[in-house]
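Working notes, structure below.
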């Protein structure tokens, strides 16, 4: 049908201009499933066991009065496609794939995890090892920089955009890009002096240090970006508005104390669900994507 | 005895009553286990979804076609890397797998009690230890890159090649080996003349089959930062670039068909 | 030259295939070993070159007891004994020439044999032997392309190129038609004569044995029940060797006269 | 040279007839392959000094596995194990059942040409379509959960089992099958009496092997939300919980080893 | 009863294995087909039940032309023709009883055969036949545990349980020792007599053929060069059939007299 939709796929509408798909006005297009399906991809966050979410799921069940099934998923594409085809109702999408989910699958994110004091997110860092001859970002010129993979936000898109705009450094022209596959590999590679420098998510680095995989002084940070949001949680656009409201409330009314979720995420200093909007929190990500020429068309 | 005397007539059954009871019980148990597993799967499946499956399949199909042909220009280097990694990895794997297979086959192992279990353990563990672990180990030792990819692929392939090969060795014709033994040949000569010619077709088949599996073993390569076509595949998937995905699939399909053709040719020539 | 002393073989399954066999084979003598299926003919031949490990007794080749040899000594001893097999036992995917040359494996080192770099003298001898059996033009064919009779001739070449003192021959004609059978038997006995080789030939076909060899040994249930001239094989003797099979009663009694008739 | 004279060949030396008869083609192949190998090696950089240094790190990595911890994550391990077993059983049963007819169809000596082409096509497609892609498609269609995983594994089973089964059927003894045909048997009876007994040991061996592959591959199902023991292992890894990972590895190797021995025993029995 | 009319077979490789063969086999007649290797004996037998597809000509069994039959009709026709194979061609991993019962496959439905639930009459007949050939006690052994002669007897039972009008027998004795050979030949001819079956027996061994059959057909290069009484096989005729093999010159000439002597 004909309606304003911005970058959204043509099956969605965005009349209110908040950049996410509106709930369909026609009640026949709204759905009210008996079982809610919830999935979560750990990519730049620590991997978690299924059991970490169990207390939260109980809470969600109680709040919505519906069955909830949880799937820990290890692939973004599967998650987005599942939501697009109506097989997924509640999800947490990681930073980089959030815009794609919003535009392609009708995802409506509304919260992210934050620490008790309200701080949230992580930073992209460019790291090197002591004595590499790289003291500041400009020194990368003529040397080698390790990315993770072309779809990662902090592992590729953010550093590419920043190096280009702030330092006028282009891959291939000014430095040799290599892809390590994972943040862990990039960090380990720098610590082992296999890579001269790498751009990584500092949340992963902190985890590796706390687990003694590397020593804190094995790596030196030469650049730290602004804060990026972490995994955004939300629902699919065509759930009934009342149901969406209940789910929202469930997130914000969840009491973390003594739950399995706290036990797991307190390690990364997270302790509450913070309300947010995609329009505001993902602004920086969208800018980076635009700078990299990434389109959200699902083709 | 399955032959029963009953009222003067001899009745024949394939198995004795006891045997068939055991078999029926076995089948029953097997079916029960399967049904149980199926119910677990079925219980966590939303069968309602199955009905509009064609619509979804069609949605993805229209997004995936036509393939983005000009993407092939960006695939040159990854294809080259993949080819090298698969070829070199397979060659190294075969070098390592052949001795292991000889040690594991019942009819060639020096000792069925001590050496065979070790060989089997090698076969089993190289294929059981998952790629992630090999990748991490190799990154620690070699550092990331194509070389780590080659080694990772090689180690991963040992189990497969050695297993199929040792089964082939166990099936050889023993009289040919005896004839060579009777000439006073040494242990190695017996292998080279009596056994190797007999397993050559199996060897060729296994080598080519593993090669095309290795072309597809993208997961490992991405993990060690070795690039290759697998990395392109997951990158394309992650941005839902289905036309690129379908192009990559066509490339892989071509590799499979080439390998199928080569394997038929080589086996035909050797058999 | 070859002497078996109280040679006994009991298989793990309990079958007593050979019961304290004593046998003397002088240099250059060709003897035929006859007997019904399961009499232990193959077992005996295989005990001699230890493809089957004898349970007890001695196998004296000249002055060495083969049963006492270690693996190195055994290899050396095996070189001295060429073996010809029933179903030819050629390595089917190797060429005729490779099969023949494989008879030299006991003499050349591993790498030479692996690279097929045999000494020129071996190659010449292989050609000469192939020529002798009329297969020179087949030298580069693969063994599995040959007919039965041709394969058996390759098998003979492989045994002879070992330059053996003794030939062990296990039913050389079992899968061949009568004409080819006779040609093969003739070839073997002629070659033995030319080279002064002793030979033990396992054979089912009494008539064929009588036609070609000067000495026949009859085996039954692992024991020697006849040892003498082929002409001494009277109907009674043959019945003693072959006995009556247990299923004859159910079919019809084989006419023993006929048996003997054919054996002449 | 149809007529060979002894004098012509004596003292001439002898070479094994080359595998490829056409000398031009042979040299082209050899030179091409060597050139390729050199090119491939040149694209790989190996820093042996780095490898030497890395050995220590690799060793430390291996040492981290010496204290397996079954306790602290036992419930995760256990549920992963159960999940894996359920998926393996269901996927193997269904996959093998589908593979057998396709394998029959893909054997040139028993299938008519059109069926042969179709079945070979299915096999090629099943091998070309990466598990990841199949899994994503199936998730989009059936939603998350074991059904998608189960179908993924069943689909992959076809490419493997049908291919190897077809090759075995093509190598079977023709005369035995002919004898059954000569008695006026129907096609199905012919398969049941003439073909099946001949390929049974191999079919059993390959099926057991596929079961063990499916068990290990259930890691791939992490991406469909039905992880099994493989996903548990990956998670343990991503969290650097090496002691738990070691425990899981020991379990997997133990199970695969048991399957290996079981397969040997069963093969010997149907032999 | 069986009539071959201008039966011709040219293999894809160009070998003309049969050149317009004409042959009449009356009901109940047993005939032997002799000829050198490659003469086309096997091809002829296989053309009759269309295991090999004839190139042209007709095979008339009673009044149906087998070469014209569709697949259903062919199956029915094959039931009428029992075949006995050279290397027995038993399905090695099935039991003796299953092998024998497999001869009934043309008569029972798939599920019955799959579950091995044959009609009691078939089972009784199988036991009767096994008893007749003296293998009743072996009924539950696996075929590969049997000796050559025993296997061939199972093969005979499998052919007979089809209740055929005609037996096609392809070198039934090629891998057997002479005594067993004769027992097998006797068994086949006796059974044919008992049941009034016609039979075509391919055989290498002329002596054996002469001993048991009333009519011999000689084949050479795909043509019938002899058809008559066994006693009519004079040395000249035999030379005509077997010819001289091309490699004889290189070895030694086979003494033709000896050949004939043995053939008597």
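Note that the chains are named A, B, C, D and E in the order they appear, and that numbering of residues resets to 1 at the start of each chain.
Going forward, contacts are C-beta pairs under 8 Å (C-beta built on N, C-alpha and C of every residue); 3 or more make two chains touch, one makes a residue touch a chain.
For each chain, UniProt lists the protein as follows: B, D = Phosphonate transport system permease protein; C, E = Phosphonate transport system ATP-binding protein.
The shown structure was predicted, so the numbers you read here are calculated from the model rather than taken from an experiment.
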{"item": "Shortest path length from subunit A to subunit E (each step joins two touching chains)", "value": "2"}
{"item": "Chain at maximum distance from subunit E, centres defined as averaged CA atoms", "value": "A"}
{"item": "Longest centre-to-centre distance from subunit C, chain (CA-based)", "value": "A"}
{"item": "Centre-of-Cα separation between subunit B and subunit A, whole angstrom", "value": "36"}
{"item": "Between subunit C and subunit D, centroid-to-centroid distance (C-alpha), Å", "value": "44"}
{"item": "Of all residues in subunit A, the ones touching two or more other chains", "value": "37, 69, 75, 77, 81, 84-85, 87, 192, 194"}
{"item": "Per-residue overlap in subunit D, given as positions that touch at least 2 other chains", "value": "50, 54, 57, 132, 136, 140-143, 145, 234"}
{"item": "For subunit C, residues contacting two or more additional chains", "value": "98, 131"}
{"item": "Pairwise chain contacts, counting only pairs that touch as defined", "value": "A-B, A-D, B-C, B-D, B-E, C-D, C-E, D-E"}
{"item": "Residue numbers on subunit D that touch subunit A, as the complex places them", "value": "50, 54, 57, 73, 75-76, 79, 132, 135-136, 139-145, 222-227, 231-232, 234-235, 238-240"}
{"item": "Partner subunit E, residues of subunit D touching it in the complex", "value": "175-176, 178-186, 188-190, 192-194, 197-198, 200, 270"}
{"item": "In the complex with subunit B, residue positions of subunit D that touch it", "value": "19, 36-37, 40-41, 43-47, 50-51, 54-55, 57-58, 60-62, 85-87, 89-90, 93, 120, 124-125, 127-130, 132-133, 136-137, 140-143, 145-147, 150, 163-164, 167, 171, 205, 209, 216, 219, 230, 233-234, 237, 245, 249, 252-253, 256-257, 260-261, 267"}
{"item": "Subunit B-facing residues of subunit E, complex", "value": "95, 97-98, 101, 116, 118, 120, 123-124, 126-127, 139-140"}
{"item": "Subunit B to subunit C touching residues, read off their complex", "value": "175-176, 178-186, 188-189, 192-194, 197-198, 200, 270"}
